[in-house]
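See the structures that follow.
There are two complexes below, and they share chain A, which is joined by chain B in the first and by chain C in the second.
Right after this comes the complex of A and B.
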């Protein structure tokens, strides 16, 4: 593992300018004070439930958020500040997005031309080589996206990252709608990329798979990370975990008791004042409701909680 | 997939469309004949007006000769069998075979409509792209207001304004007709014909471009908000690349189809535009036939325009099947 992370995000916040007929312009906070690090050769899984702003994180990293987004905080790529100019340069070369479904492919463009991308000279030979390696037959290039099966689509989408030769791969929900075999196959592809020394960020709500294949896990809740931990901690027992939400997540898994906790995740627009998890936390104190806890190091991981031990 | 079976598939589709078209033409012939029979239009009176005073006996002789005194169902079948033998009858107004008038007038109309059609298609699509790519910016605001304005202005009014400004006040274009006045048709050059075509076709195209522009705008906005555009941006595609690789491709097909399907509006607009510019096309012939009780010509043009609109819709359908891979490939 190298000393400089491929991507380091410190206190990233994303808000949207909204125009409201009653209040006029207001900012809607969707990601607040998020911090993650990912090194070459590892998979960082960002795990959290739907609606927690995970997909926006992918857009923020690549710099493709809508125009009304306001981004604050610090992002560094190999130690270099990730400015919009740098993002533009890295998109499609060193940074790649692996989207979640076939809907991310132009319906009127054949697979071959589409995966080659817009940059000339077209990497036709390289693409054919990668297709062979992924088990896609040569005739795949002549198909249209809607003619692909789920598994083929997955491999085609992954191939775009391989063709670009990206060093940072952001995979946004790559497994929903797939059978277990397909999901395992997709995960194996990401594992392979990481083993080649690339940095993979896996954004997912498929916590089981994340636990099994990732090296480290960032637990995402209401637009921020509440815990950064080694995947090993999740594979053992809840006591190895730090944040109450991570523990609740662990217990909610079918094989671990299937126990839900009360309440719902707060949505952007009505986030609580202090700790974002406080309204659902069983060990909160008045302090939690007034002050947001900072990220602190604990037992080899990081946690955003005053009381975690 | 062989070329032969590909062609066979298209032939089969074309055949189905033909059957539909024939049944529609039949229905239109029944309805229009019924409407004309029920109307106070009296072709015999119209004919008599052309030849001067006649006595009652002469009048009933004419009626008997034409078969007007027979019941309408019988008259319809007489007309239909004549039609099927290629006889559309004789125009009372022009005293010439209807089919001759239609073919002559249609040439003029076709030139006018095709110019307007191509013009409105290109202008409408380009403006739609500009609006869609610059959504809610000043370009979009100005052009979309203009489109709304033009689509709510009546054709004849716009035609009159153009006539006043460009033909009367500025004198840039002729006031009417398809050729210069007082010239033999054999002496008229193609440039003179085109020169006479400019103002009416411009008027006609202004009427129809706004719908294609607004449609393309919406389609382009949908495309630009789509997930595949997000992914293309993530792969480093810039604004122009996005437009050429994805935007153009995904908006041009529906636009072309819509344009073919707009033959009905085009024909309707040409009736008004031709009257304003005294342009000797099918549109001005149909209003003349209607106003002068020229039943054979009126029915002939009705059938012909149905055929024209049908062909447009058929092309739109066939085209969609041929270009859209989802329809084309699934059929395999």
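Right after this comes the complex of A and C.
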């Protein structure tokens, strides 16, 4: 099972063409040198700061970035190069997205029809089964999106991806607005998909939830991965983590101290020269400000830091 | 000052069931109240009622004993659950912010808003980035009460902690009342003195969906 990853991304970079004056155009690099792998049968959780390019990664995988985006790097789906043509073919059949925004629901379509999609015959029974599992009653299918509460809309979005029976599910923050029980049920559904041999990429801020269900965690910061670790490391204590940013994430959880580190993530047009986290790091050295640390292996995970132990 | 819902009943349509039924809810100035309930129990509806976006079918929303005025800047400000629905998609964010007066540099800095974002359109920012604008817009109008409807679910935990610390600071400084709607119990326990479970005070609810 572990031979070819379902999705392998190598040195992915995404930039946007922007106009900055009447004649001037420049590229704004938002994702740089990002590498992740996800195998069949596992959930890869992506945690990280807001605006670090998590949702853009999801769009890049599905090939639904806006036209002014420039994507470089290598993406492979089951060993096959992921070209725009292939992406279009796989979208909705083998790859499914749970979008972040509930604005993705068509406001003029009733929920039931919308969830079924274009598959014929309509997977009515399956949809009802998934709705039941997620605590959506049968009458929900006759409603329009504006009649749903935030959490219900979110559960509808999750069911659209589950119904597609895809091999790769990219779930972009599927749980906000759900109560804990519902979020747990949604996670359990993702877990079942993974146990069936499918690959799930779970982008989330509910990191405590992600740690409980995921197999591996990738931590994002300012458009790149700073740490790849097994979820087990996150479940134990901050010392098991490698990168200072991951440790800061752990400590900022309300149940673990609620202590934010100062500062903000560097803005994409204005990245520091060396390590991206150096301006906020408590254990930086002059070297960190000069030179960007490469990804290196450490204690069964990977980390982008010179001093991590 | 006290913001209260008195015997409020609400339904979206005459033929539909009550979303909220005979609800009493109150928050004092300077108090931070957490509001928890499963999804679909009318938390957002209550938030919209309190902030004057909806009018109750029966009962009243009172600020200091007087119904909310419909003129001028509302002293009860709501930060919505979905920031992408709360800003005009055709306005640059500078204009969005200027709706509540002159832009306060210090506020932008403490919420982590980059200057360059002001010239962008809403679709060019992430959900978490937009939510900071919504928080800034609400705080800049100097409200007496702030209703936060799941405002931090789309933020990473560090930014969450930063923004909540900012809101709690401001609340204390201005003696502002805050209603925190969330599903995150550890968060509510951390920042609220009082936690109300809507499903418990409201268990005779004929569940609408």
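The working rule: the second predicted complex is superposed on the first by the 271 of 309 C-alpha atoms of A that agree within 3 Å, B and C clash if a C-alpha of one lies under 4 Å from a C-alpha of the other, contacts with A are read in each partner's own complex, and residues count from 1 in each chain.
Please note the rule applied: contacts are C-beta pairs under 8 Å (C-beta built on N, C-alpha and C of every residue); 3 or more make two chains touch, one makes a residue touch a chain.
Since this is a predicted model, take the numbers as computed values, not measurements.
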- Query: Thinking of the overlay built on chain A, is A:103 touched by chain B (first), by chain C (second), by both, or by neither?
  - Reply: both
- Message: On the A-aligned overlay, A:178 touches which partner chain: chain B = first, chain C = second, or both, or neither?
- Response: second
- Task: Report for A:147: first if it touches chain B alone, second if chain C alone, otherwise both or neither.
- Result: both
- Message: I'd like to know which partner A:307 touches here: chain B for first, chain C for second, both or neither.
- Response: neither
- Classify the contacts of A:91 with the two partner chains as first (chain B alone), second (chain C alone), both, or neither. first
- Message: Just checking: does A:160 make contact with chain B only, chain C only, both, or neither of them? Give me first, second, both or neither.
- Response: first
- Query: Now for A:122: first (chain B), second (chain C), both, or neither, which partner does it touch?
  - Reply: neither
- Task: Could you let me know whether more residues of chain A are touched by chain B or by chain C?
- Result: C
- Message: Can you give me the overlap between the chain B contact set and the chain C contact set on chain A?
- Response: 101, 103, 147
- Message: Taking the touch rule as given, give the residues of chain C at its contact with chain A in the complex, in rising order.
- Response: 12, 37-40, 43-44, 81-82, 84-85, 112, 114, 116, 125-129, 150, 153-162, 164-165, 183-187, 189-190, 209
- Hey, which residues of chain A end up touching chain B in the complex? 59, 62, 64, 88, 91-93, 96-97, 99, 101, 103-109, 117-119, 144, 146-147, 160, 164
- Message: Residue numbers of chain B touching chain A in their complex, please.
- Response: 226-228, 230-237, 241, 245-246, 249-250, 253, 324-326, 329
- Task: Quick one: which bits of chain A touch chain C in the complex? Just the residue numbers, please.
- Result: 47-52, 55, 100-103, 137, 139-140, 143, 147, 149-152, 155, 173, 175-183, 205-207, 248-249, 252-255, 258-261, 264, 267, 269
